[in-house]
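Multiple structures follow.
First chain A sits with chain B, and in the next complex the same chain sits with chain C.
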Partner chain A sequence: MSDYTIIGKRMPRVDSRAKVMGKAKFTADLKLPGMLVGKIKRSPYAHARILNIDTSKALALPGVKAIVTGKDTEGVKWGVFAYTRDQQFIQTEKARYIGDEVAGVAAVDEETALKALDLINVTYEELPAVFDPMAAMASQTELIHEEFPNNINIHVNIDTGHVDENFEKSYYIREDTFVAPEESYFQAEPYAVLARFDHDDCLEVWCPNGGPHMKSKPLSNSFKIPLHKVKIRKIAIGGAFGGRSEICPADYICALLAKKTNCPVKIVFTREENTIATRQGHAMITTHKTGVDKEGRVLARETTCYMDGGAYSSTGPIATSVPFLSMEQAYRMGSVRYNGYRVYTNKPIRGMIRVHGRGFACGLDTQLDMIAEHLGIDPVEMRLRNSRQPGEYTSTKSYVDSCAMDETIHKAVEASGWKEKWGKLPPFHGIGIGTNSVQTGFPMGIRGGSQSFIKFNEDGEATVMSGVVDNGQGNDNMLVQIAAEELGLLPEDIHLVSADTETTSSDPGSYSQVSTFVGGHAVKIAAANCREKLFEVASKILKVDPGNLAAKNRMIFVKDNPEKCVPIKKVVRVSLLNFNSVNAEGGYWPKVDMKREWVSNPYGQMCEAFSFGTTIVEVKVDPDTGQVEVLQATAAQDVGYALNPLVLEGQFEGSVAMGGQGGMLTEYHEWKDGRCLNPTMLDYKLPLACDMPKIKNIIVESLDPKGPYGAKEAGMSIAMSAAQGYSAAVSNAIGVHMDSFPLTPDKILAAIKKKKSKAD
Partner chain B sequence: MRLPRFDYLGPDTLDEALDLLATHREEAKILAGGTDLLVRMKKGLLTPKFLISLKALNELSYIKKENDCIKIGARTSIADIIASDLIQKQARALSQACEKIGAVTIQHYRGTIGGNILQNNRCHHYNQSDFHRSGRQACHKDGGKICYARDASDRCNSTCQSDGATALMALGAKIVLASKGHERTVDLANFYTTDGIMPFAIESYELLKEIIVPAEGGSSAYQRLAYRSAIDYPIVCAGVLLKLSASQKNIIDDARIVVGAMSRSPLFLAREASSLKGKKLTDTEAFKKAADASMNSAAAFAVHNVGATLEYRCVMVSEMVFRALKSAAQDAKA
Partner chain C sequence: MDKIDISLNINDKPFEVRVAPNDTLLEVLRDQLDLTGSKESCGEGVCGSCTVHMDDKPVRSCLTLALEAQGCNIKTVEGLANGDDLSDLQQSFIDHGAVQCGFCTPGMLMSADALLKSNPSPNEETTRKALSGNICRCTGYAKIVEAVCHAANPHDRCPDCKTDNNSGE
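== the complex of A and B ==
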């Protein structure tokens, strides 16, 4: 459809060359003069009162420059919301999970810092610990946080009304419970942070992040220094997946050590620390009760979910809501009641993750398949009868504008050969479908918008400033593509200054799937404003109305007479000769319901756009070992508009790896008394490239009226629906609807045997 | 994670290496690839004063046929073994096992067969960082008195997850242990202790020099199960050898079954294998019975300490043995 020059084209990412050649600098690569090595002393107990911390021996060790404990923090607490501030950056009273921060050390080298950790003598009094949300709610022992009875951290209640009466009207009702344990991100880059205070007492920080402005604000609050004095710098980032959206206690500890020593301090996490002491995905126990009419249309649904939140709140209210919201967006339902409980346990802290609520979503889809089977309806038809349609409101009153859910279903069905395969595959071969929807943004109040500045240099190239961060998904490239398109330049003419809180305006960050929609949009508007200025000048040179001008390939030309043109460089120079610099700004604030709040008022416009995805998976199960071979995954997503299909396909493939191949088949943690037994890449079974199936990518475009060029969230609907597709395919292959995820071979084999013994 | 400090010794000849071992004994460890040793050192599980590298000892890298035996130098890379026609034809189980070790890059650049046989036992309660192992009592292998994998166990139940050792034991391999001025040859099946703390019956001054694989005919096979297709230790594995009667080519004269990744050492199951004597190559019922018997025997040793569930791993012993027997029989027929 487009006559775009750069947008919509398969363009290799601007950052890929540096990354594949090993030239990109990550936080752990950085070295500053006089830099010290920081290490964190962590609690080896899951729940213990801290009686005393003796640092004298450690301080006496030559080479140790500073030690910080809870005494140095002035008791500051962190929480994403005012009502969830429950985490001290360094614990003073008690440790609540194995890995909780109790002290920090800065020393001349790593060996000395590690020795110092051993010399810090912490006296603990062990307390009874709980590792399961149900046990935690029933526990009679000391609460994990005094002020939260029954260890219930967050309760989200959503009720659209008429639920009970609609159940009564239902033709068929099912209630099923699904479980899935916690999971880890395994970002390629373990967490690291480098901090220093400069000569103006400004705090400068380099660290992987989901949004630099989401780091600067809490650091400004904690150190009681103005926001402009906290400078989060841009750095290459090796993945986030939702796990790096908040401030990390290590950021604070590192900065505190830097302040105390007056030297730059760098902390680099071990893989184990990255697994246990950053964030994990929540373990969930979800009960869905669904009532349908004769045709399988959902009339009423009641969902209750217990989430293992670990030791602290983190993004608790969001995390407790998103699994439900994704499903209420994906499927219509007459009425719904949701109760989500996030429960404290003495396990690592849980946060947002790319596939948030694998058991929740897979459970809901599995139950739809069970109902379809009972009613004799094909699973595809079952989804089409309940799928979200454009122009509707979700149950929690969000208007859904663009929506091509049905098209993703139809196209995935076509490409996967569903019609030839469903019900016709040989024994232990299976095919399954999953559908999902993801928010393009969360309500974030005054921090929900993004602003961009653009200035032209005298050589005709442009510098673009944006708060958007790229933590692996290709945001830098997205910004460059948009700016080049709008300004009529080539991508190499754009110099991007981004993700630096000193030079860029506030931005909501990349973890709510909003970077393109909001941050990209801001750049688009700024660039269009800047182009206007160029056209003003060019119109005088070319002696035509600015409205008749267009820009492309470094030239400004007359639309209906392209021969008549002037180089952009010349236009800039003419402007400068006339005492006018060429620059502009532009901002975008999504029109969401500012009164919507996760717990107190979970109704109203959530975000401006929603993405929709369908994944169909075909598998072969070995009936003697329970091992699954994935033959093909077909992934179709309504992304609004594909700004760069090449990058998008990479997102789809990564999503199938994370949501499906890993998340549904092999990834889970093993524990012993709150100790994680598989924190490393050897023992936590992430899929390897050679484990991946053939993937068919289908990009569906619905041209969202509000998104830049029509774009909206891209990729995450695949991660979510891939999980559902994998689970449905395995269930179909073995003829048992599975209710415990991931679908490891032992569970599959047990299900096959159970079914066989019943049949005998 | 940091590698603790050590002195690196790089002998040029086997004699020099044996001299160094004789001098440093317990204080030294052999570096023959390092894919197991260096990882354990990084976790602080051992802190040798000296590492004696076999890097320059090309004299220990060979595969040759002598009489009825294949002799393999202990420092031979896994990739060389996979590439060997001789091993593929006459010791198929070893070839199949080596294909599963680590990943192609590890097989090619680092991993050696000697290192694979001597890879230390593993346990998900033991192969952990200093931090993980703090805040609780030390286990047997860590110098303590308890076992987290089996309640009230008086010894260490760490698991031998060597693919190579399981296949080699099935093939009836012997190993040559050299020390200064001395050499001894032991049956691999007799090389193991009954305690996972130190699973190998080897002296600190001895060096694994050579592996001798009998090649008197017979067909062998190796099967293993893991979660991933590479960079994964087996959670169950089995190696088998079938020797056919000289007079009747479709009758099994002798069989060996070895089950790996289920105990402190690969389990040589002589009684279970003997049930196959005199059975036809096509007698899958007999294979199934031997496989089930193997499962029952192996299950007594196994603990939950290498991932998956214990129940699943036990059941899979039967499946892996059965598949290996079928594969070996198939190979024999061909």
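== the complex of A and C ==
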């Protein structure tokens, strides 16, 4: 057992009191004096040239304060990378998907703003559109972006060498193709943004975000104002799941309307807009070819994946890589060749999502099960023979330090009763296993590190400043726990100032699962530095060496004589009387390979730590309806160290819901000519309380040598492996290896029928 | 449309408001009375984020016209606590880690509070059924269900219940 006081404990979250009282303010809850309502006019066409926009009638409508179109934007294009700058915030030349931004309105109320949208007359010339990545690559019609031939947005090629010769050496080779359509985030909070320019011409913005500093830079660029003049404010955020990271065109449009009207403007998305005009998950077609030796060890693998990227790049280079990276981390592969293509289509923009690559990962695991079946090996044994081990390098040359993949497998097997169930369950009753690994961080250049400042107030309490954002996962509490532990205070003594670009230093945001590892680490170092200053002063009061001091429960005491102590409050006051304030800073920058680049050089140290997870799922399938009843999910993840098991379990359980229950059984989008047919919560089937199985959580700790207290990414390996576990369990129940995800009743019934007709 | 003056009884206080016939109760609560605890997430009666009580029954305030709420006792999430004293249910949500992003929490609490009024010791199945009109995207519901089941009946063996035998440590 550790001797931490606050870290490692089941501590209820500091933000939950305001949330259960209805006091927590989300963006849509905010009101400022003179605030106007903003609305966005969107393209009704999937691909169309914009010939003319006539705003005169709309402007004449009483109550309309301003209208902005592409003319107001100077045609600036945004992209996450220098080589992916392909998106204007308001289109000037053409619309590339149904929902693309063409104009914005600010008016005194919503009704007037909506009327004004109807009065804006846009003349379009419709262009041929493509809605499928394979068709898009073969298309002879006008390219979606003229500078990207064959509509190929991103091509990631990874080749470790020796692939062909290792296929030659293989005892058994399989090649299978797996498909999955798009999925969506459905954050509880529909996107919203409030913007105003203050008395100093600073742009002040409130909006859900995956990192405030990721929002401030593009706004600073597009308004051509210095970074310090863009103040992204902290606000409660109703979920992100990867979908709130980038700048949203609405942020720019809202700010532009605020500038034009000199009033605060608030835009609140409808549920449909949140689905269509933020981001979605990529649809994927993935072919895995795998060669193994007699014992089932993978000698060679070749994977080719086509991703439907939608109309713009978004985080394309990252999205094209991550499904492969997760698999190369989870499994050893003797040699591998990967070709990932992200293809433009005239559909909404695709970005990173918590379960990015479900078809990819489930396909790979399904194929492992097929190979295991052929060789007469148990699926668990198949995984153990190929699982990542500590001290190894991944195929793309990332060193893997802490790794308890095997322990997650063993513990999940034990807790789920796998040995008593595998091969022994009655018909249409199945069990399956999935394993995965997720990055704790991406190489993010100058924004890869985080810095924290701490100051003590004269009452002995501390203010902690950090750029880390809380999207709902509990990051605020994580920072408070760490600061309280290091400073010897109680959580209620910590005042957190975070996720505000005016007061906090640059931080990578909650993007790439790195908040604890980097941002939490920075707070830990800052707090330790601050504690040292306290100890210097306390050592003079207590007349002992600072090295003999410890801090706990608001007291500084002598380690081997705890009776000899002094309150922290007194130490702070003594310090002030001696002309010294008590404060400190601390920063953490992960040592990644700065030369690693997603497309041009996908080799080198990716991040400092990786999480590993296993989910085992047990299901019953109704052979008459194709309905799946999930009996139990056992989720085990190597999280490095559990800073707060209560919060962690919540991440595991939410991951099983989104990755497994929703991601593998019910969640997908349907389309007609580029129009999403199920953008609402009525039509898109999210898991409900009555759908969820019993979930067994198993926290595995490998104590990462670099992570704060040994912690690393927590929860994402469950989201991914849950999808794999669900698909394996259904395949096992019906005796058919499924290759099209999610596993909806129609597909399950068709598979059962096909199997039966073959048997007859 | 002509606006109408009506009075509403919300959280045991009378309010005079001027509403359009098509104003929903949710719009009036949020926009006119600054009771922003009730949330709009789907806007079509599916997600339950806007749940409030009308005469102790949970209703979707996004599908309820403000006019329909006249003469009823309306309770919102802001009315669950007694001043700074949280209800057992609210405290149970905190203690069991049932709150993540918190956007669905107010609606979830109102549905759960209505359940507990009719059945102070619901079992897991009853609870899951009663909460199935409230969508949570973060938690997978496990901790919410536990928080509701244990709200009025703390369990000795639950690490997150604060009972005499269990200080919650």
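Just so it is clear, the second predicted complex is superposed on the first by the 760 of 760 C-alpha atoms of A that agree within 3 Å, B and C clash if a C-alpha of one lies under 4 Å from a C-alpha of the other, contacts with A are read in each partner's own complex, and residues count from 1 in each chain.
Just so we're on the same page, a contact is a pair of C-beta atoms (placed from the backbone, for glycine too) under 8 Å apart; a residue touches a chain by one contact, two chains touch by 3 or more.
This is a predicted model, so every value here is computed, not measured.
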For A:186, is the partner it touches chain B (first), chain C (second), both, or none of the two (neither)?
second
After the superposition on A, what does A:21 contact: first (chain B), second (chain C), both or neither?
second
Using the touch definition from the top, say if A:670 reaches chain B (first), chain C (second), both or neither.
first
Go through the superposed model and pick first if A:114 touches only chain B, second if only chain C, both, or neither.
first
Of the two partners chain B and chain C, more of chain A gets touched by chain C
Based on the superposed arrangement, let me know which partner A:31 touches: chain B (first), chain C (second), both, or neither?
second
Of the partners chain B and chain C, which touch A:625 in the superposed model: first, second, both, neither?
first
Is A:545 touching anything from chain B or chain C once the two structures are fitted on A? First, second, both or neither.
neither
Quick one: is A:746 in contact with chain B, with chain C, with both, or with neither? Answer first, second, both or neither.
first
Who does A:695 touch here: chain B (first), chain C (second), both, or neither?
second
Shared contact residues on chain A, chain B side and chain C side combined as an intersection?
270-271, 682, 687-688, 690
Residue numbers of chain C touching chain A in their complex, please.
30, 34-44, 46-47, 49, 76-78, 80-81, 86, 90, 93-97, 99-106, 109, 127-129, 131-132, 134-145, 159-160, 168-169
Going by the contact rule at the top, pick out the chain A residues touching chain B in the complex.
42-45, 98, 110-111, 114, 270-272, 624-627, 666, 670, 672-673, 675-679, 682-683, 685, 687-688, 690-691, 744-746, 749-750
Going by the contact rule at the top, pick out the chain B residues touching chain A in the complex.
1-2, 39, 103, 124-125, 128-129, 131-132, 134-136, 148, 225, 227-232, 307-309, 311-312, 315-316, 319
In their complex, what parts of chain A are in touch with chain C?
9-10, 12-13, 15-26, 28-29, 31, 185-190, 236-239, 241, 270-271, 471-474, 646-647, 649-650, 652-658, 661, 680-682, 686-690, 692, 695
